[in-house]
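Below you'll find the structures, each written out as structure tokens.
Each of the next two complexes has chain A plus one other chain: chain B in the first, chain C in the second.
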Partner chain A sequence: MVFVILYFALLLLLSCGAAYYNQRSAFLLLFSLTLVSLVLAIIGGIPALRFVAIAAGMLLAAGMMSYAFREFLTALASDEMAKELRTAPLTAAFGMFVIFIVAVMGIFAPAIAPHGEAEIISQAFAPPDNNMLLGADQLGRDMFSRIIYGARNTVALALCGTVLAFILGAMAGLLAATKGGFFDGTMGRIADVIMSIPSLIFALLMLSIFGGSLAAPSTSAWLLFGFAVIVGTLFLAAAAYSVLSWIIGAAIVVGVSFAFALAFTSVFDASEVILILVVAVIYSPRVFRLTRAVAGNVVVMDYIEAAKLRGEKNWYLIRREILPNSTAPLVAEFGLEFCFVFLLIAGLSFLGLGIQPPTADWGSMVRENATLISFGEITPLIPAAAIALLTVAVNFVVDWMLHRSSGLKE
Partner chain B sequence: MSLKKTDVLLKIRDLKIQGYSDETWVDIIKGVDLTLHRGEVMGLIGESGAGKSTIGAAAMGYARDGTRIVEGSSIEFDGIELTTSTEGEKRALRGSRIAYVAQSAAASFNPAHKLIDQHTEAPVQYRIKKRLEAQEDAIELYERLRLPNPGEIGFRYPHQVSGGQLQRAMTAMAMSCRPDLIIFDEPTTALDVTTQIEVLAAIRDIVDQFNTAAIYITHDLAVVAQMADTIKVLLKGEEVEEAPTDQMLENPQEDYTKSLWAVRSFTSPQKHRPTDGTPPLISVKNVDASYSNGPKILDDVSFDIYEGMTVAVVGESGSGKSTTARVITGLLPPSEGEVLFKGEPFPAYYKDRSKDQLRQCQMIYQMADTALNPKVQISEIIGRPAQFYSGLKGTALKTRVDELLDLIELEPSKYYNRYPPELSGGQKQRIGIARALAAEPSFIVCDEVTSALDQLVAEGILRLLDRLQNELNLAYMFITHDLATVRSIADEVVVMQNGQVVEQGPKDDMFTPPHHPYTDLLLSSVPEMDPNWLTTLLEERGVDNIGDAAAAKIDPDDDKVEGTQA
Partner chain C sequence: MGDILTLVGKRLGLGLIILLVISLIIFFMVELLPGDIAQAVLGQSATPENLAALRREMGLDQPAIVRYLAWLSEAITLDFGSSIVTDARVTEIIGERFMNTLFLAAYAAVIAVPVSIILGVIVALLRNSIFDRVANVISLSFISSPEFFLGYILILYFAVKWGMFPAIASLSEGMTFLELLQRTFLPALTLVLVVMAHMMRMTRAAIINLLASPYIEMARLKGAPPWKVIVKHALPNAWAPIINVVALNLAYLITGVVLVEVVFVYPGIGQALVDAVSKRDFPVVQACCLIFAATFILLNLAADVGAILTNPRLRHPK
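This part shows the complex of A and B:
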């Protein structure tokens, strides 16, 4: 009863204050909330009001957190960055905050998590207690620890996949825009072929051939090597201008690719490597198309003509003239693609083809605990919420970057 | 064109407009007063950044994104205070009582709708006329504006109509609701002289016929002299002076106004071809060219450029001036003929040329905005050619860049680390010149280098180019459609029409009659500072014998044509 009185008193006081100080939009918001609350109180009683109050409180907390985080970044950053940050909307600050938290979670996972990701410490589906903040999963592993490890595994895979997709797609796109003609046409048709196969089905197909629990380390290393050689050849096509440079370049490419494959396979296990490669191949055509379109607009500018007339080679054109003018949309696209890749990996894990147990991963955690839903428990929704939160956060930041890059064109 | 003493239509008092930049509000317009009577045409002139367009927009009660009208300013349109009226009230005025004609009609028409549909939108929207009535009215307006085929032209899409005709169609559109006030924002700046004159004549007539008041914004003094009853000169958001046109032209009071008037006085002394038989630096020999099997753009073009001389190539757009430049630089290999450099043939395609051959021939572009990479520092833009051709590195490179910045009269320490978007139009063009000079060329193609600039700035660029020519013995190929520029800087002139050279010779000869009729048309279409120039010209030539119509009428068998084509 006291809560209800306090609740309405606060709302009325605030709306009267807003009206008195001529804050039109704030007043409208507050007073309509008051009216809605009246109806809610009649239908839902005190629990409904409590829910509204908690939701409003959380929104307020998130807002204050984002504001403080933005001020914090502004204070830390250099002058130029600080100016950009100060004009960033609160949503972007919120996004950066969430990304920051997830990054910390992922990097310091072993230090933060109270238990190991594969450690069975209690009964299956044990309720939350002092030891396990979020309870246990279907095998009795700590849910909270697994979420923290999941941040590390899922995000790292998604990041690697997106980066590889970008290196391949962006390089091919830049080259296609610069060279044009036959090369452009061929790359375009290859991209069309990959894009014409539905991505989920393509991923399932590739993963059931190479991946899953059957993945052999040697296959994954060879595939990685092949991927690196393709990317290297693209770089070579841009940079080399004589037979000798082609030969030297080819030797360097093979060497670098080999080292790259070795390094990658030592960090990730075979099934993860396959997953990353599949993601890179599926998403690179989209990056290719965007890059080609953006670079196509830059290539027709007079300064490119001036550089060509100077006798500059393709590599200089791409590196110094075209790339700096295409970064803004590419960075925004990177954020967007990262979300899609992240969701694809989560989806594949949910289907059992992605990250292999017992490695913790948000997507498979949803699946493993799905049965709990029918008992009215929210445990399986927590990893799902984590996926949603990170996706939304990344999109907030991307929106801001898109706005910035379009604003610069004025 | 006498001042009509009627009641006041637009009264602007103490107009202040601020723009948001670097997190503070900066004054753009610093308290301008303006009074416009019914039927009066006021010309607003000044260099870019003077706030002409901002005042034009403010006359409609509009402030662009990122700008705001400061409280205390008053804009009173026919008794309605626009600064305090609501958005809805202002919207009701725009289009029906105040109309706007933009600089680029091609960019301002919606390419997805027919002209007449866009024309009738306002009267139908404001319920002034039914659609069919509005269409009839549109056709009548097209007729008054002397558009060809008035009954049919409105049913075309914007891309099917030429630039000058579009500009007239836009004027007709502005007239569709018979507004009390039209704001012309540089309506002829993007047009050729021959096309400009048609648009000017049409605008002047129609404004006169309907007794519409107008604000005419331009940076071309000669144009404003034809159009306006009164002229207001602006500088950096402040009024310099205002006076009736005659008085303003004859007796400007302020120093700034006098300097504007004096701009066209610059001329460089004419040089003559060397007589000792040295081969020309660049020689274009019987060149034909076309884009990917399309129609011939260049037809048997030949001319020579000697060391240290300036050859101006003039002609309206589409005459093949820029294509000739592309052939010389090697971007477009000719289908017939060749280009010689000091008597030696130049490889036709730029990729086949050696580094030294590429170095010899540099280019300066019309739009400095697109010619300089916005994401690269000035030091690299200028330094790259020096590094690329001469292999300079480290301190030597920095010294060279400083030297070049000095040469183009920009303070090296101040501009070394800047990016192109932080510079003004004239400064950007100077950087473009420095980039060309960095290669140490013997020949520079200047493609309309001054046409995007204000007269004062343009004159500075011309003086700079002239000085550099004398110091470094450069040859210029100067592509332009502005004959005033030709008069001031050229040594020889080549006149082009439809991809052919119609006349060429030393400047002095070219500016003395008899001319080829096309040259004559070009020359006579350049606006002069005399306020009666347009009236006199129209009387002499007749309203239907100007612009495209006149160019089409040139008789190929005319004596003078035969005589000058030798």
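This part shows the complex of A and C:
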């Protein structure tokens, strides 16, 4: 009872204060919160009210945290950066904060996690205790440690997939914009076809053939090699200008691709490599289209014409004229692309077709522990919430960057 | 009128070509399999005689292009061969499930489309207010959440804690329609939440774009009342983007359905696809992929054709 009275008194006081000092949006927010709490208190009683109070409190805490984080960043950054950062809305600051936390979690996972990711330390579904913060999963592994390791595995895979998709798509897009003609048309049609298959369905089709637990290391190495050669050829097509340079370039491309395939297969296992390639192929057409559109706008500029008349080659044009003038939209697209890739990988892992056990991963953890939900436990929701939180965070930051780069205020 | 017909005809032809290319991809993707289907079915320990026998039985000794044409001509008549795991006809496995999936998608669409369009218009009219910003943050959060997160939250509260709806959307013979609606409410709601956020944002963007155009400004300046500006000037031009938004999101629904069906153990085609992928049952995978891709293309086509048909500028050629 005391709680109810205090709660409403506080809300009323705050909203009156906001109204008195002419803080219109703060007043609207506070007063609608008061009204909502009133209705919910009548319908659901004190538990519902407590729920609303906790939710509002958490939102407030998140807001304060992001405000403090933004101030922290502005204090650290150089003058120019600080000026930019000061214009960032709170949501963007919140996004940066979450990304920062996840990055720390992923990089220092072995130091933070109290137990190993595949270490069985107790009974299945053991409740939380002093040793295990969130209890045990379906095999008796520490849930908390697995979530920490999941930050490393899931995000690393998604990042690699995004980077590969980006290199392939952006290179093809830049070439299409500078060369035009037949190359442009062919690439455009290929992109059309890939984009007209729903991404999840296409991923399932490819995984049923190459991937999953049956993936062979030699297949994955060959696919990686093939992918690298395709990307290398694109680079070559941009940079080479005589028969001799084509020959030398081709040799370099084969060598680099080989080293690249070796390095990749030693870091990731076969099914993960295939997963990365699948997402890279599925999402590169989006990057291609955007890059082509952005670069297409730059290519028609006078300074490009001037550079061409100076006798500059394609490679110089791409590197020194087009890329610097189209970074802002490309960086934003990278963030968006990461969200798509991340969600796709999480979904595939949830279906048991992505990252294979015993590697800890947020998507598959949800599925493996889903039975706990029917007992009213929320632990299986934590990795799912982590996926949602990271995606929201990246989206918030991207929103701000898009807004900044377009300079539009709607 | 002739202009519209050629435009629509061109668009339909393009859709057909893309569908054909996709059927090529789906078929020849399986050809890329290390070894071949017979090898995949029998595993590493198969004897050469067994392999040869199975290859003959499945017609694998014929060239790929012949098998592709045979597969395509059967697929057009909705006959996708038989499963290599259970030997059942693929059409039997996925036929009824496809209807279930369509029902779920339609259920979600019936709720999501009107609500999100109305909300989108309201938010567009109130743009840059605090409500707009809150709606922006909330819808962004829903878009960013994986479908299974929303699904399990709904299960936790509506099924486990409050016991209002069943957690598992199993269907049985002889259910009344109301019972059916109640059983499938949670999966439908999950889809509604995801799709609604998308649709609302897209509607908002389309309407704001529209309200910024010069003829709206003109209508306001000549003193037309606000409702008249909306109904007479904005709405006829808004149909094209709105139809586009709806069709694109229905296409999105079709793929979102896969994860939701798995969460709620709903007997739909998405679940069949996931099962077939983990069992490497290629005829079923091919059939499901083809159906999903065809639906996706069809809806995208509908979006384009709808946009062409509702464009007033194309109805009155100069």
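As a working rule, the second predicted complex is superposed on the first by the 405 of 410 C-alpha atoms of A that agree within 3 Å, B and C clash if a C-alpha of one lies under 4 Å from a C-alpha of the other, contacts with A are read in each partner's own complex, and residues count from 1 in each chain.
Here is the rule we use: a residue touches a chain if its C-beta (ideal position, glycine included) is under 8 Å from a C-beta of that chain, and two chains touch if they have at least 3 such contacts.
What you see is a predicted model, and the numbers here were worked out from it, not measured in a lab.
Asker: Which chain, chain B or chain C, ends up touching more residues of chain A in the combined arrangement?
Answerer: The partner that reaches more residues of chain A in the superposed model: C.
Asker: With both complexes superposed on chain A, which partner does A:352 reach: first (chain B), second (chain C), both or neither?
Answerer: second
Asker: A:10 in the overlay: touching chain B, chain C, both, or neither? Say first, second, both or neither.
Answerer: It touches nothing on chain B or chain C.
Asker: Of the partners chain B and chain C, which touch A:262 in the superposed model: first, second, both, neither?
Answerer: Neither chain B nor chain C is touched by A:262.
Asker: If we overlay the two complexes on their shared chain A, which of chain B and chain C does A:392 touch? Say first, second, both or neither.
Answerer: second
Asker: With the two structures laid over each other on chain A, which partner does A:28 touch: chain B (first), chain C (second), both, or neither?
Answerer: second
Asker: Hey, what residues of chain A end up touching chain B and chain C alike?
Answerer: none
Asker: How about chain A: which of its residues touch chain B in the complex?
Answerer: Within the complex, chain A contacts chain B at residues 83, 86, 301-303, 305-306, 308-312, 320-321, 324-325.
Asker: Over in the complex, which chain C residues touch chain A? Could you list them?
Answerer: Within the complex, chain C contacts chain A at residues 18, 21-22, 25-26, 29-30, 32-34, 127-131, 134, 137, 140-141, 143-149, 152-153, 155-156, 159-161, 167, 208, 251, 254-255, 258-259, 262-263, 273-274, 276-278, 280, 282, 285-286, 288-289, 292-293, 296-297, 300.
Asker: Provide the residue numbers of chain B that touch chain A in the complex, in ascending order.
Answerer: Within the complex, chain B touches chain A at residues 22-23, 329-331, 350, 353, 355, 358, 362-363, 365, 367, 370-376, 380, 384-385, 388-389, 435, 439.
Asker: In their complex, what parts of chain A are in touch with chain C?
Answerer: Those residues of chain A that touch chain C are 25, 28-29, 91, 192-193, 196-202, 204-210, 212, 214, 216, 219, 339, 343, 346-347, 350-353, 363, 366-367, 370, 373-376, 378, 380-381, 384-385, 387-388, 391-392, 395-396, 399, 410.
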